[in-house]
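Worksheet for the structure shown next.
Should a chain be cited, it is by its letter among A, B, C and D, assigned in written order, with residues numbered from 1 in that chain.
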Amino acid sequence: MDKTSVSIVNVTSYTGLELLRLLAQHPQFTLESVTARSAVGKRLGEVFPQLLSRPHATTGTQAKIDPELVIEEESAQTDLAFVCLPHAAAANAVVSLLERGTKVVDLSADFRLRDADIYEEWYKHIHPVPALLETAVYGLCERYREDIAGASLVANPGCYATAAILGLLPAFAAGIITSDVIIDAKSGVSGSGRGLTLGTHYAEVNEDVSAYSLSGHRHLPEITQELTAGAMAGNHPVDSPLRITFIPHLMPMTRGILATSYAELKTNAAQPVKTTADVRSIYAEYYANEPFVHVVDQPPHTKWAYGSNDCFIYPTVDTRTNRFMVISCLDNLVKGAAGQAIQNANRLFGLAETTGLAAIATYP
Amino acid sequence: MDKTSVSIVNVTSYTGLELLRLLAQHPQFTLESVTARSAVGKRLGEVFPQLLSRPHATTGTQAKIDPELVIEEESAQTDLAFVCLPHAAAANAVVSLLERGTKVVDLSADFRLRDADIYEEWYKHIHPVPALLETAVYGLCERYREDIAGASLVANPGCYATAAILGLLPAFAAGIITSDVIIDAKSGVSGSGRGLTLGTHYAEVNEDVSAYSLSGHRHLPEITQELTAGAMAGNHPVDSPLRITFIPHLMPMTRGILATSYAELKTNAAQPVKTTADVRSIYAEYYANEPFVHVVDQPPHTKWAYGSNDCFIYPTVDTRTNRFMVISCLDNLVKGAAGQAIQNANRLFGLAETTGLAAIATYP
Amino acid sequence: MDKTSVSIVNVTSYTGLELLRLLAQHPQFTLESVTARSAVGKRLGEVFPQLLSRPHATTGTQAKIDPELVIEEESAQTDLAFVCLPHAAAANAVVSLLERGTKVVDLSADFRLRDADIYEEWYKHIHPVPALLETAVYGLCERYREDIAGASLVANPGCYATAAILGLLPAFAAGIITSDVIIDAKSGVSGSGRGLTLGTHYAEVNEDVSAYSLSGHRHLPEITQELTAGAMAGNHPVDSPLRITFIPHLMPMTRGILATSYAELKTNAAQPVKTTADVRSIYAEYYANEPFVHVVDQPPHTKWAYGSNDCFIYPTVDTRTNRFMVISCLDNLVKGAAGQAIQNANRLFGLAETTGLAAIATYP
Amino acid sequence: MDKTSVSIVNVTSYTGLELLRLLAQHPQFTLESVTARSAVGKRLGEVFPQLLSRPHATTGTQAKIDPELVIEEESAQTDLAFVCLPHAAAANAVVSLLERGTKVVDLSADFRLRDADIYEEWYKHIHPVPALLETAVYGLCERYREDIAGASLVANPGCYATAAILGLLPAFAAGIITSDVIIDAKSGVSGSGRGLTLGTHYAEVNEDVSAYSLSGHRHLPEITQELTAGAMAGNHPVDSPLRITFIPHLMPMTRGILATSYAELKTNAAQPVKTTADVRSIYAEYYANEPFVHVVDQPPHTKWAYGSNDCFIYPTVDTRTNRFMVISCLDNLVKGAAGQAIQNANRLFGLAETTGLAAIATYP
C-alpha cells in the first residue's frame, strides 16, 4: 500500500510537536513538509533537539521523523495536511490547501461551528469562508465516523470540548437529563500553547489552581452545538436550549483534562433512570464499540491517559441528591488534539481508526 | 501581659507542624508541650530538622519554638491545647484536657456537627461524648466570633468546609439562591495528611488530577449544617433541605484549596438579584469588617494565600445562564486548619483575631 | 516468525509497569504471564486501570496487553522472563527460571557485579549463586552487544549506572582523563520505586531538592567496574584504581536522570586532548553507530528522553580550568530500566536492538 | 524609636515582591515608595492581588504594606532603598540614591566585584562608576558584618554565590582544602526572574532538569573573589589561584538552591584534617554565632528553608576517596536575595540582624 504524504502547518506549536511524536509511530503517514513562520529555514532538529533521537539506527524500526527536514514558509504539496495555526489564520491556510486537492484536518476552531454568526460572536471577526462550514465535518469519530470518511475537511474538536462532549453525549442521546448542565473542567498548562505569558510562567503556575474565562470560554458554543445535535440524533431532542455553565481551571501540570459535569436526571420520563447502575449501563452500551472511549467503574485519573489517545468516562448518580454526574478525562494534546487529528486522518484515508494510536499511557 | 502556655497534641501531623510555624510568630502564645505517639522521647528538632533554624540567635527576635523540646506521650498542663488527632481519638483527648481546665481548639471533626446521629452516620461510630456537642462552638470566627470568646472548646472547621462555607454564606444569608448547590472543590495533597498511601506517592500524584469521595465526603454534613444555619441567621431560612453535591478533587500541589460553587438565583424574590455587581455588593458588605476574607474582582488563585490566613472570594453571575457562581480559595493548612485554629485561640484568650497571623502569602 | 512468549516477575513494580507499556508496542514479544506476591489473583486491569485502555478495538493495531491477565504467584513457562524483584529475591527467581530453560533479563542488582565479595560488601548478604556471576552478561548493549547475543542471563544495569557509564565510557576508552572522577547525579522519584516512605510522599518531595546516600550508593561499584573495564577495552587501562565520588540527588519530578560528571584531562599524553571539539569528536566516533545514544551540541534536558529509550550526552571542556565535564541524561524507567531490558531481550532473541523501541520522547 | 522609611526600586521583580512580603513583617522599616517602569501609575494591589490581603484589619497586627501605594517612575526620598534593577541599570540608580543621602542595598551584580576589569569581562560593558566599587561592601554579614554597619552602599550577594560561599568559606578559612573546587548547583525557576522566556514556560520546565551557563555563569567571579578573600582572612591564603568549575542546573520547582561542592583535602598540612567529624567541628565553630547559618548532621533539603532566611550546611568527607564535600542550601529569594538584603539593611541601621527575619520555613 502506498504511503500517504503529510504536511504539518505551524509545526512549532505544541499540537504540531505532538503530531510529530505520533506520526513517528504511524505506519502509513509519511511526513514530508513542515511550516512555521517563526522558524523558516531551520531544521526540525534545531527547534526540537529531542528529534535527534534516532539518527543512526541502521536496523529495526527506524524513527520516521527526519530531524534534517527544513521548516518552510509554505508547505509542499501533500495528500494530507494538519493545520495547527491559530483561528482566522487557519481558515485562510485551509482554503489554499483544499484548492490544491489536499485533505485537511484543521486543529483550529475555524470550522467547528455550523453557524457563522455564532463564530463571529465568539471569535470577534467575520468568518472568511462561511460556505466551507457546510462541508466541514466535526471531527469527533465517536459521532461522525461515517461523514468523516467521505470528507475533505475535518474540524478537529477543541480539547475541553472533546472531554465534555464525550462525557455528556450518552446522557443526552438517551434523554435522561434536563437541559441544565454545569461543566467544571481542569486542564494542564500545555493547553494554553507554547506562547509566552505571565500566566504560563513556571513560578506563577506551580503550586497554583485558578479558574479562568468566567465570562465565557470559546469551547462553550462547540459543546452546546454538539450536545444539542447528539440529543437529536438519539431521538431525544432537548426541550429547551441547553443552559450550560462551563468553567475551565488551570492546573499545575503539563498535560491532562478532567471535566466534572453535573446535571439533573429527568424525573418525568416513562422509564426514569435513577441509579448509577442505570447510567453506567447506558454509557457502556453507547461506547461499546469505541476503541478509545472507556467507561470505567471508579473515578478516573488524567494520568491514565498521559500520552495516549484514550478517554476515560465515569458516570454516576449522587445518591443523596439524585443528581447525575459524569467525570471524563483525556490527554489534551492527544485525544484532545493531535491524537484525535490522526484518528480523523485515518478515517479520511480509509485506515483503521486506531492505526498508529495503540500506545498506552506513560505511567507513572 | 502574661504569656499563654500552649500544647500541641499530635505534633507530627501536618497541622501540628503548621501550628509550630505559626506559633513561632505569635507574641502571646508560648509552646510548652508537644505530644505524638509515634515519636515519644524524640526532640522536636529530630523530627523536623528545619526547626533547628534559629538556635544561636543572640540578638533580635528569637525563634520561639525550641528544637530541644521533647515529645511526650501525654501533654503537660497548659492554658490552651491544640488537638491534631484523628477523629474519635480526638474526642477522648479533648475530654481529658477540658477536665483539667485547659481550653481546647480541636482540629478534628469530633465536635463540628451539632447532631450526634449525623456524626454517627458519617463517621461510623457512636459519638463518645455527645453532651459536649452542645457546648462546643464551631470555630468559624466570621460567624461565631462572640460565642467563641466565651467558649472552652472550639471545633475547628474542616479545610474544604471553610472554603465552601465562606464562599456561600453571604448568598444564603441574603436569601438570593435556592437550595440546589454544587460545590466542585480542588485541594493540594497536604490535605490528605502525612500518612503513607499509594495515593499520596509523588509519582502517582504528580501530573495527575482526579476526583474522589464521590459517595460522600465527610465535610458535606458540616457544610450543610452551617449554610442552613447561616441562612437562618440572615433571616432567610431555606425553604427546603439543602441539596448539595460536593465533589473534592486532588491536585498536583502541596497546599491550597479552591472551591467553585454553582447555584441558581431565586427569581421570585421581591427584589431579585441579577448581576455580578449585585452579588458582589452583597458579599462586600457581608465581609466588610473581616480581616482575612477578601472579596476580589477577578478569579483568585490559591497561591495568593500560600502560607497566609487569607480567604479570597469571587462571586459572579454567569450572564448566559443567570446562574450564580462563587469561587473561594485559601491555604488548607492555614485558614483551612492551623491558622484558623490560632484565630480561634486568639478569641478564646481575648486577643485581637489577627494576632500572629499578619503574614502575607509566600509568592511566587 | 513465531512470537516469543514473555513473563514479568513482580509486575506491580514501576519497572514492571513500564515493561507492560513497552511490550504493548513490541511486535515479537507476547506477554503470557505476570506475577506479584502482593496481588496474586487480581487481574492486571484491576491493579493498573489505565490498561483497560483498548478493550474493544476491533480494527487496526490492537493493544497487546490483556487487562484480563490474572496475576499469579509463580510465572508460567515462557521463552523469556523479565525479573523485577528486589535484590536477593531476584537471584533465587533467576536460578529457577534458568533451570527450566527460560532466558532472563534481571533488572535487579544481583548479577551486575563480577566479584561476589564486592556484592557482599555493598548488599550486605552473601551471594546465593556466585557461579552464575561468571555467565551473566552486563546488559549494556553499547559495550557487550556480542556477548549478550549468546547469553542466557543478562544483568540489566542500574539507572544511575547507565547514565554515568555511558557518559564517561568514551573518555576512559580513549584514555583522556585521569582516575579522579566526580559524578553528581539527579533523579526523579520513580527511581525510588512504588514502595511507601515519607521520602516519596508528594508533600515532602514537591518543591524540594536533596542529596542522599552520601555514605555510598550501591550503583557506585557497578560504575567503577564498568569504567575500569571500558578503559581496558579501549587499550587505555587506568593507572590507578578509579577514585569516584558519586552523589545522587532527588528531584521533584517523576522521571529522568541527569548525571553531571567532572574529571581532569590527562596532560602528559602524547597527543593531549584540550578542547571541547576534541572531546566531542572522540564521543561522536565512539557512539557513531548507536541507535539510542546521541552526542549533542548543547546541554541536554531530561525531558528530551521522557518515555523514550534515548540517552543524550554532552561532553565539554571548561575553558577556564581545562577540566573535562560530561552531562548525560535518560529516562530512568526506560533506558535506565525497562527500555534497556527490552533492548537486551531483543539481542537475546536475534532481533534488531531497536525493535519496539522506536518511540520518541513525550514532550512537553 | 523612629521608623526607617524605605523604597523599593523595580518592585515588580520577584526580588521586589519578596521584599514586600518580608517588609510586611518588619517592625522598623516602613515602605513609603515603590517604582517599576512597566507599571507606573498602577497601585501595588493591582499588580500583586494577594497584597489586598489585609485591607480591613481594625485590630491586632496590621499588614504594613499598603495595596493602595502607587507605583512611581522615580522613588521618593527615603532613608533606605532596595534596588532590584538588572545590572547596569542598577548602577545608575544607585548613584542617584547615594547622592541624595539614601543608604542603598543593591540586589544587582553591579557592586559585588572589587575589580572593574573583571566586571567588564563578565558583564560585557564598562563599569559606569568604578570608584564606588571601593566603598561598596559585599553584603555577606557572615563575613563583613562590621564593614556593613558603617557603609552607605551594600552589594547584596548573588543567590548561587551565597550558597556556594557559605558552603566553602570555613574550609578555605581553615586552609584544609586545595584550590581545586567543583560546585554543582541546583536552583528553582524563580531565580531566573519574572521575565518571559521559553525556558521558564511551565510546560518546558516541569518534569525537566538541565544544566546551563556551561561557558561560565556570572556568579563565578564573585565566588572566586570571596573564597580567596576568606582564605586570606583565615590566615590560610591560597597557594595558587582558585580553579573553580561552577555548573548551575535548573530544577522543576519555584524556590530553593542546593549547592554540592567537591574539593580535595590538603594532605601535607601539619595537622591534616581527615574525617567528617573533623570538618564538622571546623564548620560548627566557624558558624557558632550565626543566627541564620546552621551546620547540620544530615544532608539538608531546600524545603527546610522555604520562605525563611536560613542556610543549611552539611560538610562531610567521602570515606572511599577522602574527598571533601559540602552541601549548602537556602531559599534563593530569601537568604539568596531579599532576606539577605534585609539582614544587611538591619546592619546599616543598627538593628539586630534577625529583625523581621524570624519566620521559619513553610513546610511542607
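The definition used in the following text is that a residue touches a chain if its C-beta (ideal position, glycine included) is under 8 Å from a C-beta of that chain, and two chains touch if they have at least 3 such contacts.
In this text, all values refer to a predicted model and were calculated from it rather than measured experimentally.
Compared with chain A, the chain whose C-alpha mean position is the greatest distance off is D. Note on A-C: its contact pairs, compared by residue number with those of B-D, B-C or C-D, agree for more than half at B-D. The mean-CA centres of chain A and chain B are about 39 angstrom from one another, to the nearest whole unit.
Remark: chain A and chain D have CA centroids separated by 46 Å (rounded to whole angstrom). Remark: chain B and chain D have CA centroids separated by 35 Å (rounded to whole angstrom). Among all residues of chain B, those that touch two or more other chains are 14, 188, 190, 203, 206-207, 252-255, 300-301, 303, 306, 364. Across the interface of their complex, chain A is touched by residues 182, 184, 186, 188, 203-204, 206-212, 214-216, 220, 243-245, 247, 249, 251-256, 258, 260, 262, 299-303, 306, 316, 318-321, 323, 325, 327, 329, 364 of chain B. Residue ranges on chain D touching chain B, taken from their complex, read 14, 17, 20-21, 24-25, 48-63, 65, 190, 206-207, 254-255, 287-292, 294, 296, 298, 300-301, 303-308, 310, 346, 351-364. Contact residues on chain C toward chain B in their complex (touch as defined above): 14, 188-190, 194, 196-198, 200-203, 205-207, 252-254.
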